[in-house]
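To start, I am sharing the structure in question, which I have written as structure tokens.
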């Protein structure tokens, strides 16, 4: 008898299931219905969905696939291509560290290292209490203030590794 | 609002705007750079401080405007002040204290304040 | 006011930035806004294309393709619909002029897109803008709405019968989407993977229709060219590169900021006269132009008159205009590695040379910075770079080796030192770095022992201290703390 | 059409405007290696993402090298394909691919058939200068039909083109970015959990060992060696059209007789033919059609038309996922494979006087979905499946070689009876249009009582993706649709959903029908092979003394002795099935 076997080598990337509020889904549906046509607007809708839900878990991607009438694999293909889209919720205070060239030559990599050390998490991860998450981003265009760190909307310029503890203490 | 349906209408509109701007020429104009990086560097703080200082001192001849990047990233926040009949002057590094000083010293008394950024460019006027 | 001799900058693209309220259409109209559009609507599309051709304007986003020629191709391709696209997905780390223009003078881009639309026969335009630029998005959106409300966009503009409208599409964090075919794929809702050219977008682009993609700075020049004339514009610059170029000066430079200079301005003037040189009295070492697609220019290049050709001749490129300055404390092998790290992250993964090649290049550089490099690695690095340049599918891949090739060329000695002496001359590569204390200078203040996180510095008070190299983690804390310059990097 | 003059390696040719450099090179017999490129013109299957970069050539006046597969030829173009610059570039591309490819050719299912291996040999790659670098690592995904080992993927994306553009299944997409980019289902989950139809077209076009069939040959060997089991085998029509290709016999040669002989040498107790079950399928499906048609014409609202064929398991799973609102439309008849299994483990087990558990039914199929089909729970009795093991044409060839059988030297032998006899209507089940043609031959005679004069329904033959024809059956003008390739099937089904009237529709999941199945010898992009296979089957039909299913004497006997008549209660129990609504994931 032939059966299907899954050899769980490596990590399964299936995100955890999430129960999300229905009104949020309605907001996305309304957005989709207002589009002139569905074709060509997958990235636009994913932007909307992420701004509504905060992230794009499996349910949301499936929902978008159904309503945009595209295969789920295609939705996932797009989500996994763009760094702006995330499948895990960010921390309450998302920390974004600019890794543009100007920030790099002024030591942004050391700042990243300091945040990782302090919070004991890796880039892209969230602290167990959900308070902070760390991400690096491309140039924010604030090169005069390099290296730049953003915590939520708050911008810190000329950050040194030594200031990291103090920055975290603000939250 | 009526639309601008012809070149003549556009020119008429321009004349009307220019006349309005000219009427303001006897007032002080404070132009605060509010691009993303200026805001990050404290542009809004400077703006609010100056607005507050203007109110506290009961000044009525001061207009505020926001603009985009003044290109002097090294000196953010930057503020351009035009006193009536004088050339505009750009000040850099305007923190809250400097902002208040600009109102009390430069705007109210015409006293020079440190942090003037020299003009290093020529600008194309269309 | 400043003496005229110091005036090296000429602001065309950034002419209104900082001078007008970007959220006020009136402010823009006061400076003859939308007059250029009104003017072109009295001309034929072919005449408009001719003006842009004569002006000599070339694409400010990277390759420097003549804008008028590009428009001419789209004009000559008959189609029921064409598109005018603005590339505002500024992805070059260290460049932010497009953001500055959109935040400071959004109407100039809106007006220019309409002009371009008329010239090529497009009634629809789209701006592809980075989602990470919320303020630019807000001001651009407002500008489009205001223009539409005043009839400057929409149906029958200025009563000419010309219709034009603009939609906004968001980028989602992919550097490769700065490449026009990838940008178009992304606008169509797909993964931003580039497509083989030809056909070029001007022949078959967005929804397979003739499409022109120009970047923000290119557009910002258009109204000025229309109103002041092609001859005025072409009188500025060099033989092959006309007008001005905006650069984002950043890195180890005193006057960080945007500068706009006529093409042909010597690099030295930009770095020293305008930029003020390196801070803290450090020695200038190199400047990276063209971002991850460009190369490093050094002392010997300082008198180069900057234009498209002179930069390419020096294994760099204009790119979008990032200029990141490096000083004596920067290791050029590490800088090349930084750029490869970036490209490796940003390659879409479609074609073999870029997907796997970037990884292998990075690995070889990593090996060299860790002190394990050999001469064979240098040879392999170079041959792999050449092959990738020749075979990669799109501009991103084809230019990816530039930072390596240019630094290998200009800073050959530095690579050599890493490989033969196992030394990093700039003392950046920690694997090849030793901290030691100059006994002659050490006063025994004990400050270094207090900051050392691994307690590898020993010594009695007022006696010279010693670093145990076997325990040292090369964090540099002692170096930073020492007030007597007695901690030395070897 | 305007013509362009192109010079390649000093040789001059003219090609029509719109041709690529590769087209021109083919005309000149200049060999340019390709990996990602795939073009089956007659089937409108085209993959030219120009992503592998192995086909780069030097074009005079161009700065960098150009991909021959995607670069349009232009007039007076001068191309060089064998300069040092080109060869070095290709070598580097190969070295890079190999640096991220497991070098386990010895144990790779694709060894000997691998396009990457062939190129490495051709370029004399003897060492891998970039070894030691990071290699991509992905979880191995083993479904009943297909094994995905993405460590071997070279990102040619042919599978993605097949899955999305041709089959419109949408299971596979490029995911992630950069070095981690790979082709995978959503969330990189297992194929078995997706809308995958197991059609195996991804496997058919994969140039390397990233997508291969789930090999079950050792299970066959074990069964054959088990003294407690009676092991019988059935072979699908399309197998005989292509098996020879993998065994040193010229393509386009029918190997029916040698195949039967080889199976006997392998040790099967009885060598039967799925063609027998194809005739049986026509009896059931044809009768069901006539029944539905009559009821429909009499105004019975519950009698839905068109009837859809249900022989193809890929197609069945496709409509279960994509057309759950139309589950009452397809014929309830099981596929020939499953009819054979059901009859073998009831009627034939009775004849042998053994319990069904003692009988092992092995299928040889051109198809990978058949592996999945036999594992569907409804096709088992108390956990004992009607068909135990399915191997593909490729696997049978492998088994024949493993067992040291000199295939070419074998005599032609016949199948055993009673489950080995078939009419000419059966072999054409293997090619698009064949099932409906076979059904019409029988339906015509059953409905009208007259003898059908011309047996060939030319309008229903050929490689057009969707064929529509009107066929006169007695008083009825029947509108017939035929689609091959699931993308074409989707189009046709959408027309039906939109209200277009058809009486009967045949669908085969694979382009060309079963002859182009996912389990057939690799065609490596050669469309001519598929045409030759088609011819083998039509020739076999034409050469048979009996060409209508209802004339098969053993079918007549089966009904007389066991089933009663078509659509009888026993027939329903053994030969008909039902369908399930499946999630779209």
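A few remarks follow.
Labels A, B, C and D are assigned to the chains in the order they are written; within every chain, residues are numbered from 1.
In this text, contacts are C-beta pairs under 8 Å (C-beta built on N, C-alpha and C of every residue); 3 or more make two chains touch, one makes a residue touch a chain.
Keep in mind that this is a model prediction, so the values were computed, not measured.
Path length between chain B and chain D in the touching-chain graph (shortest route): 2.
Just count the C-beta contacts per chain pair and the biggest one is B-C. Each chain gets a centre from its C-alpha atoms; the one nearest the centre of all protein C-alpha atoms is A.
With centres defined as mean CA coordinates, chain D is found 51 Å away from chain C.
We define each chain's centre as the mean of its Cα atoms; on that basis chain B and chain C are separated by 30 Å. Chain A and chain B have centres, each the mean of its CA atoms, that are 38 Å apart. The distance from the centre of chain A to the centre of chain D, each centre being the mean of the chain's C-alpha atoms, comes to 42 Å. Residue positions 174, 176-177 of chain D each touch two or more of the other chains.
For chain C, residues touching at least two other chains, in rising order: 96, 99-100, 133, 174, 191, 250, 256-257, 348. Multi-chain contact residues, meaning those touching two or more other chains, occur in chain A at positions 77, 81, 140-144. Here, these are the chain pairs in contact: A-B, A-C, A-D, B-C, C-D. Listing the residues of chain D that touch chain A in their complex gives 137-144, 164, 169-177, 184-190, 192, 194-195, 214, 216, 371, 374-375, 383, 385, 388-390, 584-585. Across the complex, chain C is touched by residues 1, 3-7, 10-11, 13-14, 17-18, 21, 31, 33, 35-37, 39, 65-75, 78, 80, 87, 118-126 of chain B. Remark: chain B residues 36-37, 39-41, 73-74, 76 touch chain A in the complex. Listed in rising order, the residues of chain C touching chain A in the complex are 90-96, 99-100, 131-133, 169-175, 186-192, 207, 248, 250-252, 256-257, 288, 291, 322, 324, 326, 330, 335, 338-339, 342, 348. Every residue of chain D that touches chain C in the complex is listed here, in rising order: 48-54, 56, 64-65, 67, 70-72, 85, 88-89, 92-93, 96-97, 99-100, 129-130, 133-134, 154-155, 174, 176-181.
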